[in-house]
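Heads up, the next two complexes both have chain A, just with different partners, chain B and then chain C.
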Partner chain A sequence: MPAAARRTVRDPALAIAAAVVAALLAFFVLYPLVALLARVFLADGQLGIGLLLEVLGQPGHRAAFANSLLLATLVGVTGTALGFLFAFTAARAGLTVAWARFLDVATLLPLISPPFTTSISLIFSFGPRGLITHDLLGLKGVTIYGLSGTLAAETLTYFPIAYLTLRPVLSAMGNTLDEMAMSLGGSRRHLFRTVTLPLAVPGLANAFLLLFAASLADFATPLILAGNRFPVLPTEAYLQITGLFDLQGGAVLSFALLVPAVAVFLLQRYWVGRRQYVTVTGKAGPEGTAKGVSPAARAVLVALCLLVAAFILYLYALLIWASVVAAFGANHAFTLDHYRVIFTEGRKAIGDTLVIALLGMPLGGLYGVLVGYIVARGRFAGRQLLELAAMINYALPGTIVGIAYLIAFNDPPVALTGTALIIVACYVFRYSPTGIRATIAQLHQIDRSLEEASESLGAKGGTTFRRIVMPLILPAFFAGLGVVFIRSMTAISATIFLVSIDWTLITVRILENMTELALGPAAAFSVFVIVVVMVVTGLVNALLRRLRAGQEMPVAGMGGG
Partner chain B sequence: MAADAGAPVGIRLEGVSAQFRHRVKGLVYAARDVTLAIAPGELLTLLGPSGCGKTTTLRMIAGFQEPSAGRILIGERDVTRVMASDRDIGFVFQSYALFPHLSIFENVAYGLRVRKEAAAGIARRVGAVLDLVGLAGYERQLPSQLSGGEQQRVALARAIVIRPRVLLFDEPLSNLDAKLRVQMRSEIRELQKRLGITAVYVTHDQEEAMAISDRIAVMSRGEIVQLGDAETLYRRPASTFVAEFIGRSNLLAATVESVAPGAVGVSVAGARLLLEAPGDGLGQGMAVRLVVRPEAVTLAAERPGALAATVRGRTYLGEKVEYELETAGGRLQAVIFDPPEGGTFPPGCRVAVQLPTRGLQILPETAS
Partner chain C sequence: MNDTLATGAIRRIAAVLALSVAGAAAADAQTLNAYSIWPENWARPMLQEFEAASGIKVNFLRFSSGEALARVIAEKNNPRVDVLFGGPVETFAAGVKEGVFEPYKPPSFAALPARFREANGQWVAIADDPLVFMTNAKFLKEHGLKAPASWDDLLNPAYRNMLQMADARTSGTAVTRIFSVMEVNGRDEEKGFAYMKKLRQNVQLYTKSGGGGTLPVGLGQAAGGIFFIVDALDTKAKGYDVEISFPREGIGTAAEGIALLKGAKNPDAGRKLIDWATSPAMQSLFAKHKINFVPAHPDVKTEPSLAAVLKDAKIFPIDDAYAQDNRKKFVARWIAEVLP
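What follows is the complex of A and B.
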């Protein structure tokens, strides 16, 4: 039956909910964006691109723009290559369960950590007084700061996104396809070149674009590692505002970031995203019988993956070690001082962050489920527009969102900066799309007649939602809620513009510690955040298993700070 | 007694249409100008092939869909713009639509809980209605633990426990196996009569419709093409569509030779017949179709002047034998019940086809 023929007698509950959501989106998504654009294109009440040309005319800013694109491209290439290596090994090398699990843990860690954890560890390892460069190799005057350091940190942080994107593609192709190709007389190398790689091309393009976007949006890594030699747009925009108090200049720089970000998002979503060849057979191919990989190649693949995974774990171990020694690089005596510091001096940041995360968690979960329900079940024109609007803040680099919020909510009539509300709102509208997507996917599997049955039994829209729909989409609710909590614990790029004396965040404190070279507390804070996030991830996944949802929290959509 | 809805009410549809915009075809009617009066306590079936608009019509009565034109009245109340939740209906879905996260008890109790009934009353009424559908003792099970037939009984219990003024069924038996279908339809019929609730029943199965209904509305392309009881539809189909949709029928091309009061002379493939029929609207020389049910045909040895045919196929089924015949006017199916031993006609055999002279429906060639 055509959808349009299902027009129902209007239920005010859904219409009211849709109106409320639309109003919220208009206020917290569209209005800040318009305010940002107005700041960029309006000079003395005149519409024009004078300001844009003026700011981008400065060589330093042009360099930042070029650097951003260069870094994003390089991260896209190396991260996709590394992700492919992992995905290919996991799908084809016939790993035992334990080794596969090891790879999974090593790739999950960067996804759920604060965005600059890898950067901090890299400094511990390769910095001026780094464990490897200074202590082990005795090198002097080595610098990790600049393009190579940033590239390494971002690649290690974001390649798991490529891994998670590519693994289903490669697994779905299955060994059966390999066996068939080889039974036709193809050599292994020929098979890889003519079957596996071409089938993976859309997946590779998809992974590249996702990594490109993640790198483009990354703020924390370049702030720590890029330094003065390699300015990129997000850090330039931040320094323009916090260093030079030039909000307008920051706005223009963030706008320069917006153009490639939107282009990549649209390309990824509407072009590559629809070109995935998913070779679904409905039957899981036998695992462990990998004939497409020769024993020698397999050994090399596994060794490389284990090396990378071990390196990631080494970085995290280093982080923990740095948090329990007096002064990393100088005095390696065991101490819990840094933890004492973060739980005393840093208690406000920890308390604030937890309050904000705990406030945002239910709100974000509920908002995600509500928007998902309206998009999936609403029957009014413009619900696609609603969905798109709900995606905007998720797709945009955090720097843009943060600056837009700063411009929109700094002055009366809506002076909200400095409050917890604005930080919570930022997280809710930025990190709920995971919950929205999960809700829509789940609702597509629930027969609409369940809601009609409830209606026919006398229940109004609100009751039906509460008593029938909500229990059935509970897994999506928890998944969305978990993601909002984790991101609230780890994000920084948008909210660094929104913190105040009244409300601050752990991530901001870590950054301050890094600039003050208080590496111990920075490490201790990072360890604390990772532990909290892992505990919450574990709890949410346990809950999802109890709900027999057969799904895990979708961490793949969590890249970027 | 679980349900005692008070005096049953009628349902009226006045010029009800459902129009929607199709991407290719433009504006299309799913239902077009449907006018129908369902008597209090009656079970009326909407019957037709898929896409005929029967489900759309039912969903508009339920309030799941808003008509683009027309009025719907339940009792004397105009419910056209009333939400489904306020129409006081019970709806039984093809997919059962049981709430998978609620126990059988809570599924049935749902409508009562929504109405904020007292807990004691809910327990009593749910118990009584589960008894009524033969599911006492299933209260704590989940829907997924029940068979299809049991699930449909729960759906029925859930619909009647709220004592609706109207019961609506959307192909409730189509997911069940053939044997269970026959059993369930008589149970539904019995329950509906016992409770005296006005009911509208949608199906594409003509046998089910004939077995269960007081009256049947046959629908085609969004419109009601004929309304009547099972016998009227079978004996007096108003169109070749109805003739072919209800039961099996031969549509023999014939020409009217004479029209006299109570008697119509026709010629069929060279043979002449004088039929007892009113002859209204028929004229000499008119091309018509005779609706001949296979079981109305009798066969005899070939003789001059009779409608001659050749046996093309013969299927012996014990209680009956089915023939595929070829006449000068086209193919013809015949069914002979209780065939005498050794008395069937083998394929290739020439036979005389005898048509009954009374009770044949004559349709003008234009009535498609």
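What follows is the complex of A and C.
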């Protein structure tokens, strides 16, 4: 490709940046993955699948594999259904602004919360002596541990992803389509079945796959709720490594996660993802009145959504309550002692987490913009591969990434475990793809001629980037940075393998508190994280509005912490 | 977020940046790093007392014993901490087998009974911690039950799906429980595992941490379980209505150990902590901080209310040699046969 080569030579800054990114990806994404695969397939220098067969041959592990797939499928179905209900109501039921806002807030909460929050509240509500099952309904001997409890918690945690994915799809169809169909004599039911649903199919498939991936990767919920009769892969891999120090067995179990995760990612990206973009980018028609939904149906839809939203808010109210009573369930005297504990004894965890999040934030924002720019504007062979490599750690469940890092960076020559760097790197390379995608999307809207004009006037690539491109992709930069910050505050599945005596994290402390008997501090930590994250989300969104980006931070891509 | 936190965060960022430029900083002689198996609420007050007494700053991170042991073994070639603090003797016995400890005999060594020290000083005991049965009082009343007084009482179908106890993959409490079952079954493995499989029918959840089930039992989410007395009494002290009982066949007690790690970066500070923790100085502070461990040092009296609880209980020590030889095997068998 002579043209490409000429361009690369003409734009040394871009070439250097691409080389640096490629090197970083090789070191922080590909190398750990290769190290993990080597651990799975190499035994005494011999390539083979003996270890794989041995570990997966154990009935408990086979069950975990089957359970993981079953759970992910069910969460995909129930979460998509619930998400569709919300999206349909929000887009088509003609909600007032205030009610729409209420649904948005209620659905945003689970997305930006630290892990365990839904699980903790569900245990209190639905256990053998739960507030709802026992105190309210008088049921006895109910158990929350197992498939049903985990399914409920994950559905509530992840359905907002489906909501955020489906809402634009349904809004884009617009009410005009409904009006046309109805003026042609179609009944509402007929309209729903033959127009709305078929048009939403790619969106539904997309939502299903996103939820499937989120559930497959979820570590925190099953750790609390799955119990021992319903083991799943991420928790089994964790126990294998931390409890038995069987790194190899853990590596194999995480490899078993890799296969379905990659399949889902490829499906989502190359099949559903493409179909969906056609629908989403269509402009919404002029605002018509919502006629596609009968008044009775509308009342039912709104009531259902409000019920679910109220239930979510109830779960969070319970969490706040647990953080301000002396001993939940026994002594309900008001106390701020748990907050004193997290700001004194928990200060190191809070400090460490903030340092890591604040370090990761600018790095992640920059990295996202850089990769996005290279992919969108670079003209060299292999840039598609570069993009794919940048997406790997995002697509893989955190358990795999954490174990791969532990294997790759534990021993010299690159002994990074125990440092802040490894946790920051883990977050940057895992959560920047939101920024990358936002950058690419933004750049696709800006015509190249703007940059070419700059260059024809004699500006170098670097200058063009700084003066022309940078201001245009600033919204993507802030969106990417916001997501990295939020995930640094709330993620656990990968970094639980990477904490050390010097660097620990709030989420890991919450888990420790939960497994000891310090529920108050666990709840207080969770509330603290939610408040910090809400403040930062608010700031970033305010900034984005000021930049007239016309978009909010894309939190929908954040499932599967 | 308060000011000190914010400035602290900024300082740490600066430190990280400086460190990445200047390379590794020299270790501060007056600090000590430890993995604590004792939960934070026991470890923190004790280590703060040590900081006050010695002027040595202690950084510690809490793990369940299985996790702490796994970390120490994994870091054998380049230990990140100096001391393994607290945790049942079977964990330390396993550590001896892996060769991770540096023998050290503190001044109290000679005064301790044989079961509270490893002959070469690989580990030394700082407390004794018996297992107990803990049950939810309301549950007992509703089902017309008495607090379980025999291992077989726990097999009662009334407890079906209502017991919580620790997971042997991560918790030393669980391993101590397994050894207790073995002892009351005359170390007959088949009998012991047959019992545990029967008990499995009544288990709602195996928890990651030894004390993980205490809160659910306190709340009535679970009916009961087998816990260390220190966790059980703390649950009671928090106001949860629970009953503590002992099986007439007897139940095991685990010495809680401390050990210096081979290759520790701050060995002198580590030895000072071991000196202090094994001495009456620390163990007479248990009562002050309401920590219900039985002191290991013969010169320290057991706190009267704790002694009253233990008065008629039949308690036997877990034999560390037996534990050392069989831990791995029993845990593996437990995972394969009991857990599924």
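Everything below uses one rule, namely that the second predicted complex is superposed on the first by the 519 of 561 C-alpha atoms of A that agree within 3 Å, B and C clash if a C-alpha of one lies under 4 Å from a C-alpha of the other, contacts with A are read in each partner's own complex, and residues count from 1 in each chain.
Here, contacts are C-beta pairs under 8 Å (C-beta built on N, C-alpha and C of every residue); 3 or more make two chains touch, one makes a residue touch a chain.
Bear in mind the structure is a predicted one, so any value in this text is a computation, not a measurement.
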item: First, second, both or neither for A:N206, with chain B first and chain C second; value: neither
item: Which of chain B and chain C A:N331 touches, first, second, both or neither; value: second
item: Dominant contact partner of chain A by residue count, chain C or chain B; value: C
item: Which superposed partner A:E512 touches (first chain B, second chain C, both, neither); value: second
item: Contacts of A:A420 with chain B and chain C, given as first, second, both or neither; value: second
item: Partner chain in contact with A:A453 - chain B first, chain C second, else both or neither; value: first
item: Chain A residues contacted in one complex by chain B, in the other by chain C; value: none
item: Touching residues on chain B, where the partner in the complex is chain A; value: 18, 20-22, 30, 55-56, 62-66, 81-91, 93-95, 97-101, 110-111, 114-115, 158-159, 162, 168
item: Parts of chain A lying in touch with chain C, wherever the complex brings them together; value: 58-60, 63, 123-124, 127-130, 134, 141, 143, 145, 223, 227-228, 239-245, 247, 326-331, 343, 345, 347, 350-352, 354-355, 358-359, 410-411, 415, 418, 420-421, 499-502, 504, 512, 514-519, 532
item: Touching residues on chain A, where the partner in the complex is chain B; value: 1-2, 4-11, 447, 449-450, 452-460, 463, 467-468, 471-472
item: Interfacial residue positions of chain C with respect to chain A in the complex; value: 1-2, 5, 8-9, 12-13, 16, 20, 33, 35, 39-41, 44, 59-62, 64, 66-67, 69-70, 73-74, 77-78, 80-81, 161-162, 167, 169-170, 203-209, 211-212, 214-216, 218-222, 231, 234-235, 238-241, 331, 335-336, 339-340
